[in-house]
């Protein structure tokens, strides 16, 4: 049971960031290999504000998220006008720089030893509720005008602009949303684990999230959440597997990319209407489940 | 001053003169056909008007405003809507959402409404959905609103594209080869649709088309392009008898 | 700037240009950023370490082994990661995810063998430094510079003057038309992946010599990316110019502020470049067709 609660917390924290990646990658078609750096910013900034400035935890969370969004704006400003390739290249460089910065600012961050002694005030219920709220927010975002414009930009940027959509702004919105969510995941992480290490946030972690989103289905929030939950649960329960974790992930995703490029769920979303359609065999059932 | 005024625009790509001094004046209610062989720079004219590229020289004025250097999306806001030669429908959105997302830039709710069901959002979404359905009805596609557009026939995809352009509330509508790849029945449906929206909405229409029968029958003025230059313009009759046009289409007599 | 810094910078720039070239070749032909390139470098550097260098066979065999391993990994990657996606005409995003996944896979396999241990190539040079005017330059830097230059010149010759090079350019320009002209584009793409991997292998080995061998060596690929962006995404000449510039700037930053800040400064340099000249030095701009 204890293991289950631990794993559940891990899953919830992962899901918060996976939602951020879903907005960025699933909806808008941009790839960030520096998302984990925003998680690091969230974790360090909130942790430091509580430890060194004695701020209230919730205020620290809010400050960390606002700070991340601000940094995201600076990074995003030059790149949203350009081809979408640039965001991956620039964010990768950003991630490396943040990792260096954490080491350099060791009098604040604890350098290679990490930030020790963050109060462990986030429990499993807190993360669970947070995850549910974040998933709801993401679902609302998807069905809003923002979500539609994101999908339009992903599908055809030029045509989207011809329809009056300000593509740069849409890309910026999606990028900042994902910055906010991943840094919130970082806050949760810091206050759940009680420790923030400088090596926890490399590009591999960002790549992991992208892989989760693609595993479940890049066009489906349901799929992304399934991917995030499944690929977090799996290695925790198969300790033998943990060593081979990245290899197993990679092979799974390669198989999916080659043979079922839309992921496990395709475009299918969990909604009352779709469920009804799924369980009533008379009406023509959709193939894309 | 005319509704749309294109004043002596030029556009080069490297050494290639894609547009070599093109001018046009269009008023509300008029249909202008632009014809010419492949590579005559017709689509480039559209791309230059809509801001995909900016002209090297010359200006584009819409309703008294100089829109030459505006970014693409702002030109659309100013009142130019378009469709594409090779259909560019958004994948991943239903027919209804495709049209609605062209309304979204006008939809007035903030990011708070983007993540929470605020009253403002609900009201604006309803307004957008009603408008969308109205325009889908205009093009006769309301029955297909929940379909994925990529599963529709070419002709129906064109109609969705037209509805998507209409919801941008254009003053000038640019149709780039709307009849390409359509069956004869679809072409005649499309011709009726273009006539109908021209009469109902009273905007100016610019039409690139290869099917001369279609262009000749619905255009008030026809501009014939060849190698970036306008070689003739006038009514269908005038253009048909112009020796330069005959030469461009049939080749010079030896 | 002293001669010393300049020479160090050029030598580092040479390795960066190998990385950037390997990356730019694939970008050019398939129009996506190949993120498995870093892990390809790591994997080939380690293969060369275990198969050749640890047996004390010297520099040349090690380099060759690393480069060839890179080429083979490139071919395998093309086959398991990109072939089907290409044939399915999937969106460019799939190439991207596939490349990240391949990167994770290679790095995972390397980690399986090495863990988080450090490895060091044996010392290939008996005399460590040479003196050029008043600058003391390590011999390895000179050798690295020389070999990189030769490799780049040979590549330029292949691309510009040979039939295979013309075919590569044709496929990069327009894959479908090239196919219609009778070019076997699948074969050309394989060749490009092999060349890209070859350069990745060379770069991996050099990085291993300059620094230490770890399973995360490949993260230095980011330097190649930055160089490509500065030089102009998709331009081979730009990649080399960008890499040289980055190498020299970094040597300068290094001498001023130390290695950690140098990384951050080169990142900031890239951001500034994107603001003022997003098309890069070479100015190639990939424009979408309407």
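We call the chains A, B and C, going by the order they appear; numbering starts again at 1 in every chain.
One rule holds in what follows: a contact is a pair of C-beta atoms (placed from the backbone, for glycine too) under 8 Å apart; a residue touches a chain by one contact, two chains touch by 3 or more.
Bear in mind that the values here come from a model prediction, so they are computed numbers and not experimental data.
Undergrad: What is the chain whose Cα centre is as far as it gets from that of subunit C?
TA: It is B whose centre lies farthest from that of subunit C.
Undergrad: If you average the C-alpha positions per chain, which one ends up nearest the average over all of them?
TA: Smallest offset from the overall C-alpha mean is found for A.
Undergrad: Using Cα averages as centroids, what's the distance between subunit A and subunit B in whole Å?
TA: 39
Undergrad: Quick one: subunit A and subunit C, Cα centre-to-centre, how many Å?
TA: 29
Undergrad: Roughly how many whole angstrom separate the Cα centroids of subunit B and subunit C?
TA: That pair's centroid distance is 45 Å.
Undergrad: Can you list the residues of subunit B that touch 2 or more other chains?
TA: Each of 52, 84 in subunit B touches at least two other chains.
Undergrad: Which residues belonging to subunit A are in contact with no fewer than two other chains?
TA: 158
Undergrad: I need the residues of subunit C touching at least two other chains; which ones are they?
TA: Within subunit C, the residues that touch at least two other chains are 290.
Undergrad: Would you mind writing out the residues of subunit A in touch with subunit C in their complex?
TA: Touch residues, subunit A against subunit C: 25, 29, 31, 33, 75, 77-79, 81-83, 85-86, 88-90, 92-94, 96-97, 100-101, 103-104, 157-158, 202-204, 207-208, 210-211, 214, 218, 243-247, 249-251, 253-254, 257-259, 261.
Undergrad: In their shared complex, at which residues does subunit B touch subunit A?
TA: Touch residues, subunit B against subunit A: 50-52, 71-73, 76-77, 82, 84, 88-93, 97-98, 100-102, 104-107, 109, 111, 113-117, 121, 124-125, 128, 164-165, 168.
Undergrad: Quick check on the complex: what are the subunit C residues that touch subunit A?
TA: 27, 32-33, 35, 80-81, 84-85, 88, 90-91, 93-94, 96-98, 100-105, 107-109, 111-112, 216, 219, 222, 225-226, 228-229, 233, 260-261, 263-264, 266-267, 270-271, 274-275, 278, 286, 288, 290
Undergrad: Mind pulling up the subunit A residues that touch subunit B in the complex?
TA: For subunit A paired with subunit B, touching residues are 137, 140-141, 144-149, 151-152, 154-156, 158-167, 173, 219, 267.
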